[in-house]
Every structure is written in C-alpha cells, then in structure tokens.
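Only one structure is covered here, and it is reproduced in the block below.
Labels run A, B, C and D following the written order; every chain starts at residue 1.
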Amino acid sequence: MTSNLTERYLKTRRLTEHLCEPLEVEDFVVQSMPDASPTRWHLAHTTWFFETFVLARWEAGYRPFSGDYQVLFNSYYNSVGEPFPRSRRGLLTRPTVAEVFEYRHAVDERMARLLGAREGGGSEEIARVVELGINHEQQHQELILTDIKHAFSCNPLWPAYRPRPDGATAITVKASGWTAKGGGVVEIGHAGHAFAFDNEHPRHRVFLQPFDIQDRLVTAGEFLEFIGDGGYRRPELWLSLGWSTVREQNWTAPLYWVERDGAWHQFSLGGLRPLDVAEPVCHVSFFEADAFARWRGARLPTEAEWEHAAAGVALSGSFVESERYRPRPVDGTGAGLAQMYGELWQWTASPYTPYPGYVVPEGALGEYNGKFMCNQYVLRGGSCATPAGHVRATYRNFFPPEARWQFTGIRLARDAQNSATAR
Amino acid sequence: MTSNLTERYLKTRRLTEHLCEPLEVEDFVVQSMPDASPTRWHLAHTTWFFETFVLARWEAGYRPFSGDYQVLFNSYYNSVGEPFPRSRRGLLTRPTVAEVFEYRHAVDERMARLLGAREGGGSEEIARVVELGINHEQQHQELILTDIKHAFSCNPLWPAYRPRPDGATAITVKASGWTAKGGGVVEIGHAGHAFAFDNEHPRHRVFLQPFDIQDRLVTAGEFLEFIGDGGYRRPELWLSLGWSTVREQNWTAPLYWVERDGAWHQFSLGGLRPLDVAEPVCHVSFFEADAFARWRGARLPTEAEWEHAAAGVALSGSFVESERYRPRPVDGTGAGLAQMYGELWQWTASPYTPYPGYVVPEGALGEYNGKFMCNQYVLRGGSCATPAGHVRATYRNFFPPEARWQFTGIRLARDAQNSATAR
Amino acid sequence: MTSNLTERYLKTRRLTEHLCEPLEVEDFVVQSMPDASPTRWHLAHTTWFFETFVLARWEAGYRPFSGDYQVLFNSYYNSVGEPFPRSRRGLLTRPTVAEVFEYRHAVDERMARLLGAREGGGSEEIARVVELGINHEQQHQELILTDIKHAFSCNPLWPAYRPRPDGATAITVKASGWTAKGGGVVEIGHAGHAFAFDNEHPRHRVFLQPFDIQDRLVTAGEFLEFIGDGGYRRPELWLSLGWSTVREQNWTAPLYWVERDGAWHQFSLGGLRPLDVAEPVCHVSFFEADAFARWRGARLPTEAEWEHAAAGVALSGSFVESERYRPRPVDGTGAGLAQMYGELWQWTASPYTPYPGYVVPEGALGEYNGKFMCNQYVLRGGSCATPAGHVRATYRNFFPPEARWQFTGIRLARDAQNSATAR
Amino acid sequence: MTSNLTERYLKTRRLTEHLCEPLEVEDFVVQSMPDASPTRWHLAHTTWFFETFVLARWEAGYRPFSGDYQVLFNSYYNSVGEPFPRSRRGLLTRPTVAEVFEYRHAVDERMARLLGAREGGGSEEIARVVELGINHEQQHQELILTDIKHAFSCNPLWPAYRPRPDGATAITVKASGWTAKGGGVVEIGHAGHAFAFDNEHPRHRVFLQPFDIQDRLVTAGEFLEFIGDGGYRRPELWLSLGWSTVREQNWTAPLYWVERDGAWHQFSLGGLRPLDVAEPVCHVSFFEADAFARWRGARLPTEAEWEHAAAGVALSGSFVESERYRPRPVDGTGAGLAQMYGELWQWTASPYTPYPGYVVPEGALGEYNGKFMCNQYVLRGGSCATPAGHVRATYRNFFPPEARWQFTGIRLARDAQNSATAR
C-alpha cells in the first residue's frame, strides 16, 4: 500500500476534525430535520465505514470497537443489518462527543497500521475501498457544514459557525452571456483508472442537440428581480409539484433569506448579514431553479450538456479549504465559462438515473448510489463547502427537487438559437 | 369543419356515457382517494373542457351554462381560475348526476351546432382543440374505470361493475424470449400531421446502446414466484424509496390481490375471482416492476428503447371496447413482440421529462402536460381500459412511481448480451 | 306488548324517513368528515340496531337480513364484532339507498309482527330494548340533520335542505338577567320508571354552592361584540387547548358564519342568509362558549347547576317537528328561565363522567354510553334538531370540546353575588 | 424578608443543579418528544421565572440578563410575549450549558441580594411570588428526571442516569385490602396560610357516597396478571379513546417495560433491570389504570375521595432525596393506607376542573394553572421523583389521560359494599 494513500487517509480524517473546531459540545448533538444529521453522527458514521468495510474484512484478528456502534452508526446499508432510524439520530446523547473522537482515533490507528503493513496481496482491493471511504468522508464533510448551518438557522440567536465580517463585495457583476455548444454524438461518464463513483460509469455515447449555456451563475440580484416580478405567486412559472410545495411551505424567497427592517439579509456560516446581490443566488431548490429559468425564457442544462460544456474548463473555484463558506461573485473579466466548479452545486434538468450499462457493485457497497436513483435530480460542479479535489467533470451529485439546505445555485441553458446547424 | 370530426366528437361522448350504464346513482358520487375522482366529476369536467376551450372562444353570443360549474369542474388550469380542491371532489353531491347529464347534453348540442356551422375561417384551430378535447375525454374514460374499480375495492361486498364469469383461461403461457435490437442514433417522438399530444414532440434523435426486449408481458404466475422468493421482504431488490413505500403501505402483493382461504384472488371490474396465473400481472407500481426486474437480473426498458422496439408492431390488443377489462393472456404462438398495445400500460425506466426542443403550448392548454414533468415515470402501450385508437407508438403516459390503481404491468429489457456489436 | 310501543316504534321510523324526503340520492352517500356519517348509513345503522338487539334475540327462527350488513352497519359495538371503520363509511356506494330502504321496511315488518305477537313472558325486557332503540333512532335523526348540514356546507353552491325565506326576525332581544339559585345538598339524575339512558343514573346527591344562571341564551349579536373586541385573537380568554385549536383551525367566527360583501351571513338548512343578531348564537364549540363566558366575567354552569335550575321549567321550545331548523329568538316578555329546552344544546362546564354508583349495563348495550366518558363535555336541553319528547331535565348529551357541527349554544352562570348565604 | 426564604430559595436552586451532576453536556440538549424538554431548558426556564416575575418587578434598576432569553425561556406565558415554540426546544444548542449555568448563578446572586435587602414594604408579595417560584422549580426538578429518563430510553445503549444494582427486593407483598370510608358532606381543598397552588383553592364542601379505598398501590406482579389475561387485547375493558390509543401506539405493557430473552425488564434511571414484581406498577397512563380497575371489578377513586381518605395519613414515602428513583415495595406490615405519598402519582377518576369559586390570579401568573383545565386528569400523592415537602393532601397534579412518562401508578377504589349506610 503506498504511503500516499495512508497520508491521504489521515489528511482527510484530520480535515473532518478541523471542521469541528468551532463547535461547542452541544452543537454536535442536534438534528434539526430528518434530512440532516448531528455532527457527532457524521464523525462516527464515517469511522464506522472504515471499520466495517476495511478493518472487518482485512484486519487480522479483527474485533469490533463496539457492537452497539455497528447498529447506531450504520446509515442505510441494509445488508449490514437494520440501521438505527435516521429521523431519531438526534435523540442519542451517548456515546458522547469525546467517546466518538476516541472511536475515530482508535480506528485511525488501526487503519494506519493496516495500510502500512500491506504491500502484498489484496492491497489493490483495499486501496479501492479506502479510496471510496475517503471520498465518502469528503461527502460527509460537506454535510457537516450544511447540517450545522441548518441547525444554527433554527436558533433565533443566529449563532455564527465562524464569524465573518459583513462587508458586501464592491463588485458589480456584468450581464451574463451565452456560450454556444454544438450537438451530435458525444461521450459522457468516467473513463480511466482514477477514482470515480460507480454512478459515473460507464462512459457512454449520447446524442445532444446544439445548445447555449450561461457563462456564469445567476446572482442574488437577478433572483431579486424574479421575486419582485411575483415569481413566488405565479403558478404558470412552476412545475405542478413545485407550486404545491411553494404553497405548503410558504416559500417567498430562498432558504436563509430573512427580511429585517425592510431589507433582505442572508444567514450564513459567518452569521446574519445583508444580502450581497453580486453573489450567486444560493439555497434554492430545483423547483425554484426551474421556475426562475422559465421566467427568464430559458431552461436548466441537462447533465450531459453540462458535462459536455465543462470539457476543458479548469477545475478551480472556492472550495471548503478557502474557509469562505459562501460563493464568490464572479469578477467579470474572464472569457469562457466561469464558476463551473466550487462556489455552488448547479441544478440540472436531469433526473438521477443509471447510465446505460450501469452495474451495481457487489455487496453492501452496492447500496451506495444505485438505490437512490428515483425522484432526485442531478447537480454538478461542487460548492464552497466541497473539499478541493473531490469533484470532477463527471461527478454526479443528487438531491430531491424540494431540497434547499445544500449550497445549490442556478446556471441557465437554452436550445441553440440557430438550430438549423443542429441536424 | 368536417362532419367526420362532429361524428367522432359525438361517438366519444356517447362512449363515456355508455361506460356509466352499469353504475347506480350512488356510485357516481364517491371519491375513494385523493388521486381518484368521482364519475360525476369526470362527466362534468370533460364537458367543462369543451365549454371552456371551444364554446367560450368560438360560440357566437356564448354564455356560460353555469358560473358555478366553471370553478367546480376545473381540474388544474390555474390560468382559468382557482380550481376547486381536488381532494374534496367527493364532498359535492350537487349538481346531481341528472343535472350533470343535462350539462353534457346541452354542451353536446351547442358543440354539434358550432361544428356543423363552421366551414370557413378559424376552423383549423377549432379542429385542433376539439381533437385535443376528444383525446382528453378518452383519457378520462380510462380514469372512470380505474377510479370506480378503486372505489368498489373499498367495499367489503366487492361489487362488480359488469359481472363476468370466473373461469380462468386454460392457456399455458410459454417461457418468454428476448428480441434483440441494435443501437445507434435513432429517432423517437411524433412527426406528421395526425394528432399527438404536445409531450410527444418534437421528433428527435437519441443514441441507444444495443438491447434485448422481452417478447411478452410478465405473467401473474411469474410474479407469484417473486413473492414466493421473498420479493416483498428483501430490501436489496428495491429502490430506497420503493422499500420505504413497501414498509409504510405494508405491500405484500399487487393491488387488488386478496388472499381468501389460502388462495390468491384478484378483484376486477367483473368481481372477485381466483387469480389467473396466465394473465399478465396487473396493478403493480413502478417500484414493484423495478424490483421484479432486478430479481430477474434484468431491467425495465427506457422509453426510447420501447418506442424503437415498437416500430412496425401492429397496433392491436384488448382495448376498452372489448369490455373485457382485464388483460388477455398471450396465446403463445406468434413470433415477434406480443402484447405491445392494449392489455396493460408498461412501466419504462424513464422519468417523465421534456423532449429536447419541447415547447409548452401557449395559454391554458399549456398546462396540460408540461407542468407534470417531475417525479413521474413514463408508461407505454395502452391498456384494456384504453379506448381503441387512442394510443400509438409515440404515446407517453405517466404516473408517479408508487401508483398502482391504473392497469399497469411489466415488460423486461436487458443490455445486449453480445455488446461487442454496440459501438 | 302494548300497541302503544308498536305505534311509537313505527312513528319514530316514519319520522326518520320523513327527514330524508328533501334529499337527492347523491346526498345520502357523502361523508364530509370522520365525525359525520352518510345519511344512508344512519338509515341502515338504526335498522341494524333493532335487528341485532331485538330480532336476533327474540324473533323465532331469526335469520339475518344480510350477513354483510352485520359488519357494515355496526357503529362501535366491539362485542358484536369488528365494526367497519368509521372514517370510511363514505366510501361505500352499495347497498344502494333503495336497498337500504328495503332493509328498513323488512325489519319494520318483522318488528311489528314480533311486537304484536308478544304479550306474554319476556316482553318487559323486549320493551326496554325497543324503547332504547327508539331513543337511539331519535339521536340519529338529529345527526342526520347535523351531518347533512355539514356536507352541504362543503359545497360552494350552498344547497338548501329545505329552502326558507331569508327574513330576519324583527325582534329586539332585551338584555339578559340572572336567576339566583340557592345551594346545599340537592339531588340530580333520573329516578322513576320512565325511560332514561343509563348515564342519567343513579339519582344521587351533590353539594352546590349558590349560583346565578342566565335567563336566556346568548345571542348572535352579543357574540358579535366578543368578535369585535378581539375575542378570537386574545389568548388570555381561552383555555390553552382552545387557543391552540383557534390557531390551528384559523377560527374567527362560529362554524357556518360566512362573510359576504362585508356582512356576516349564516349557512343554515334553509340556505345561506344574513345573520340574525336576535337569534341565539349557534355552532360554537365548548372552547368558544368558555372563552365568551370568561370575556363576560362569567362562566358556564355545571351540569348539576343546570339540572337543578331546570327543575320546574316547562319542557317546551323549538324541536325538529317545527321544521324551523334554527333557534328561535326569545320573545323577551316572559319571566323565569327561557330557552331551556329545544333551540340549542347548552354547553356545561362539566366533563362527561360517570355518576357515583353508575353501573355499565351488561352485554353489548353496555357500550352505549360508558366508554365515551373521557375528554368530552356535557350539554343539556336539546335543540331545534331534536325530536320533541326525546329530552328531559336529566338528559346528558356529550361532545368533545372542539366540536362545532351540532346545534350548540351558550347560557352563562356565575357564583352567587352574595355568597354569604351559601354556607 | 426572612432569611428562611433566602435559604429555601438557595437550597432549591442547589438541588436542581445536584440533579444535573450525573449528566454529560450532550444530555442537556436533547428533546425526545414534544411533551418533554431538554434539561438545559428546565435550568434556564426556572431562572427566567425568577428573573421575570421577581427581579423585573422589584429589583432596583433592573436590566434583563439577556433580551433573547426572555423569549427563548418563556414556557407558555402569552401575556409576557410570544414564547419560543415548545416542540423546537431541542433544536437550540446555544446558549450553551455553561452559559445557562452562568445565567442561573447571576440570577441567584441578584435574588439573594434582593431578598436580603427586603425587610420593609412590599415584602409579603415578593415572598408569595418567590414561594411560588420555589414550588415551580420543584415541579421542574421532577420533570428533569422524567424527561431525561425518556430521552435515555430512546437510546439502545440504555444509559443509566445513576447506575444502581439490579437486585430485586426479596419482599413478598401481601394481598391488598380495602379501607372503608363513610360519605356525606366533607370539605376538600386548601385552607390556611401555608403555600398552596391556586388550583387547590378554595376549600369547599362536596357530597360523597360511602366508598372503599385500596390500602396500597397495585403491584407490577398484579399488572402482569392483567396482561396475561389479555388486558391489552380486550376492548371491553377500555374507554373508547383508550382503546384507540392502545391500537395506534401498539401498547402491550407499561412504558419502559422491555421483553428480553423471554423475561420482562424495566428501564429505570438506574439502568435496565429485571422487573421486580413487588414494586408498584409504574408508568401507566390513565387509560391503563382505568382498564386495570375495570378488569378487577373496581374503579379509580375521585380526587375528593382520595383527599378525604388521606386525612390523617402521615406525609411520608420515597421522595427524590432518597435517590432511589423507583417506588419502594410496601413492606406489608402496617395497618391503614400505605404508599399514599411519594412512590408514585396516583391517577384519580377526576377530570381536572376548577373548584367551585376558583378565581384565576391576576396577571401572567394567572396562566399557571387555570388554562390547562381541559382534557386532563388529576393525580395525587407525589412520587419518588418529587422533592420532599413539595406535596400535601390537597395537592393537584394533572396530566392528559394518555401520558405515561411520569412516575404514575394505580390505587383502586369501589363503591361501599354495604351501601345501605350511605344515605
């Protein structure tokens, strides 16, 4: 086993704990809605993943750290046993936060020993699972931030995760333009030996009509125009399911937008601050992204269009390591597609379905992706809460169309204006 | 306006009323679940459609039959006004059934007069809307049957809509085979001048991998094997959302299957009768179809695959005019694809999304299809409750993945076994 | 068996059918909320009562009219078998209304034969059960009216059960006064041989403090003052459970009050008409009655106070036979307590509990009253929907504190102003 | 202000914090159901009570400790402002536990200073409110234990609050007997100058029929017989509302009873241990108490009967200071009524209603008791989680009939067997 893998393992584990530094013990416990999990649970579950899928298989003389943890910190792997009910994770106060850190450290030590010792047979398969575990933990790093943000937003004191100065950027964002893309048979999906999730496979051909894609993300200021034009009150702009959600949930603005003394504010991990109209609009559902697109006479890109457009775009942007925790306004000077990576996950028009030829992996790890391919939409590009190096052009994130607590934004597309060129 | 259209209009309207003949007045009133509607409402709503979208626009000196009906019998056209809440349709006892028939006949008379008089300008647009109204009414003809079947199933007396003899067919269904289809760029979607819904447009190119498609529908007998093998108790066979539905709804068999004295029976519009294992399995959700496919090591076809495979298959099968109201077992002698039309709607693996280049029609009729393109799956082929002539190869029906009260069945597909030929 | 009983039996049965005369077949089917039942069900259930508790026990060679009806029309008698779920009564369309009437007439014929024949042994017990059945049917007569009123109120067409002219009374109701009652040990509850429900037994002693009781019912005009004074917006006036109900249900006025063009209207069995401020306020819950009393610096009477005050008051008022279906304004000239009977059921401050020494009857009829003695409040006096002769001073009606669809009103009480006389 | 009051204030405050000693920080945060509150909240709310109702009124130059806390820690006093929603108390992680303790200590210091300084005017009213605050805090001491017990019971690790040895008592409880009480006019309710809650006033006369009362509490062993006799499966034993609760909640035993390897265990604050059949049965609802009584051919005592029987019984038993946290089996040797105080709250047959002549106190403190007098039942006697000195013969506790998480048990009563003596 290459020392490289051990190092990346330990680095990932350390980043997770680094993200917890601003938290009080109390903050680790709370579950503010069934979709979110307590930080404590994220810490333990990612550890359980390595214990269950690596140590239990390959550690000589393996004995479980705790029989109870095997049930408590299983998320949804039915093949491993009946998991503790998701919606009740916030009822657990034990094991304590300190005990969970002990669990982490014990597993880290055993993992390091195992990885260090292995240079002979079987190590390739271990490496594959450890790589998956690292990527799995990175996903939970992002969830730690989105879930604690949601929890803090339930507190009228508006606690800040890492207090940040208010100051809005002085940037004026220029009007967006369109980048034209030709159609035809193109290839999408992952190829090659680098790590990718099962759902990115296999690379395959699709037929695209020519299309245009917006060269930056939609801003909060542009979204304010939608609101001002009655966006949340006009059923003709919404999918039927979106419209019933708007009415049931009384949506009148993106999540975390708060009206104070007649002015819009936005709750962020840095605290409550005045809305910055230059920033990309954040915390919108697929329904809102879709309605906004319809209002603008455009549509969302399909995931194939997005991936095709992303070819050749440099993989840079604000990731979690920037400790900014909010999307950066576009500086407005560059050519080509801006804000494709980092900043905000971008809703696509594509329901999350298996690629042609997709094969679910054998065993419990086959439950990782495939079984969620229903009533969810694909998002692309990563966000300011995603660890750098975690995403790539083929990466498929997915959430239900009503979800708003992730760092989600909007990039528009449209059919090519001169479609004569298409066929 | 051709007399042909008038005739087809009147013939469609008569078929609707013919379907109501076996009903008692009481049967017209009940709404057994929010997804279903009372027969009375179907009768009135289809009439409202012609009144609102034809008479109100083109009848000289138009005056509404009743101001109240405009609200009561609007289904979901927000542009026409706030509709009466769907889930409360069963609370209305007035207008009475007799008054609803009067409404129908008054509108029919005015429609006949309008259509007879029109041979000059504007008639093409009228014809288009009348054609849409006819197809709309045909859809409600099917719903009248599925909704009354559901309502009757709530009654422990198991009333029969049209009593039918019990007798199971003596047919033994032979093992199914696969028909291989090559891949490449193919075209799907509607083209030409014949009527088709907006969601079937535009005809466009898609890229298909080679695939095999099952040459008949899955039978009740085959589904019994799935049940016997623990199908409803094995989470690994199900989508995550499907598995939680199985548990919440306590599903252990298709809808309308009833165990009596240790033997499976099936409730049909002909009454309660012993299960016929030769019949195609009916009243399964997408979740069940998908789980069955996984259990068989196969998958569902995409809608593009289905449509591509249907090319050249004759449009025949059991439709509503057969007054059979249940799918006919395959006779087992033919070659090629059997049971592609009529019999049962076939779940596809495709979420219901707009085709590339799809444009929502202007005005209220734009609410017909587009706004439902979320969290639903496409079904193809028509059923034994569909009026003959209503479906075609490009026809896209759609229901949520948990819906079971429609006449829905399963046809399997799989990736081509010799995929070398694909690229 | 006296011919008197047979006559009373038949007269009661005829009145039930008379109440159904204004209804269309459609109206018999609908169940507008779980607490209400379809008219069809009331017709069948009252018949089931006589069949189950009289014919099945005493008819020679008894055979059930229909095995199915024994389940379908059992309300809540667990000892007789698992009843069909209450909230699903509105899903049944069969047996039809005509078949239910056939059931009624067949049972009536058999009952008349049985009662005519019996003059020998056992007849006293039969008479007791028939008497109970008659009173049971009278209770359902009232429910037929309250349930159909609720069903009609769900229809935006506001259908009238029996159309009545709008005209408000010209009466000006004089200010109410108080009637003082002394305290001490008094007796309440039923004694003697005349029919009374088990819950009115045994007659027993209670100790009362001296109190005053209002000499008429609270009027709609007085209740308007409560509304105008912010009654529905001031938590300090309400019980905690009442206040949460006000907020959850968005109560802003009594049930069936409708604001139209800036003026209050009231939906009644005669149709929608302008509010008559002289009428007693109707369709208020216990919570509203209690809050109104608190607002007036008074309270509701206990049931013992009410019964003690009622001693000697003539049993007259508007009952169902008046076909008025709304309470009559007090004429304002009499002395003593007005509107004690008929008009409206009067909420008391007393939770519905067993009297000291109360014994539940043996057998299924023991389920009639006792098992409902929890979380309900006692009402006294009868209403304009109660059959004449059904109530008496000791009669205990009961409903949950949030119920509003019965004909319920308010009479106030207060502790004696000169309480020195009390002890 | 007597130093006595200051001492009692401080002693009460210290006991609250003593009860928190076994808890981890994580334990203070969780809210396991809407009826329960986090320990953190109890600590802060009791402090808020003294700040709001004492310091804010009488402290010279009073300034709030924190404007936010005034909203966050208001329970239900609408007159003081809109409280933070009860069901969301568990979502708050800030202020932290340490900050809440700081809040407590700051208020304690200011209270001690205020109480020490006051010996002149106004001190009687202060003393009254401080006395109320002490009693209020004692009620929350009990809730801290019952709420943390519920929270811990949601954790499959079964954490112990204070681990206790398993050992069942060797005691054999002798058969219970009845104590006969004569009837007539008796007085109940509080009189005199000692502290009592408003709901215990005024002392007043009631008329009682002669009755018998059980001389000890019902044991777990006796309740096992009820279970063994099908108690939870026989509708005829239950109130209608109780029976629907049994079915909806799947009750098959008291709360916290757990079947393990074929034997009943009981979760307690000392951990999970085998059921001790000699202990009084605990954590039963009113519904279960009532059903058990019916099964035994008895009934529950009314609160007047209980209070009348308690006259002269010494106020001793297991209170919270015993640190036993479970009821002690009766030793079986004494005469007269055993286990009247401490051990377990005893359900009475009496709905919680105002006494005749009850007057709600002026101002916000009037919201303490009166507004809850609906759909609750009175319990008497105190429990092993109640602070010693908190209860008395006239004390009225109250909970809804389905509540089970309090330390609640059963004492039976019955009508006098020789009722000739009654009148």
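The criterion applied here is as follows: a residue touches a chain if its C-beta (ideal position, glycine included) is under 8 Å from a C-beta of that chain, and two chains touch if they have at least 3 such contacts.
Everything numeric here is computed off the predicted structure, so don't read it as measured data.
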item: From chain A, the most remote chain by mean C-alpha position; value: C
item: Recurring contact interface, reference A-D, options C-D, B-C or A-B [over half identical by residue number]; value: B-C
item: Distance between the centres, which are taken as Cα means, of chain C and chain B, whole angstrom; value: 47
item: Whole-Å gap between the CA centroids of chain A and chain B; value: 37
item: Cα-centroid distance, chain A relative to chain C, in whole angstrom; value: 59
item: Touch list for chain B against partner chain A, complex; value: 76, 78-79, 185, 204-209, 235-236, 238-243, 349-351, 353-354, 356-357, 366-367, 371-375, 401, 415, 419, 423
item: In the complex, chain D residues that touch chain A; value: 24-30, 32, 40, 68, 71-72, 84, 88, 90-97, 151-152, 154-157, 159
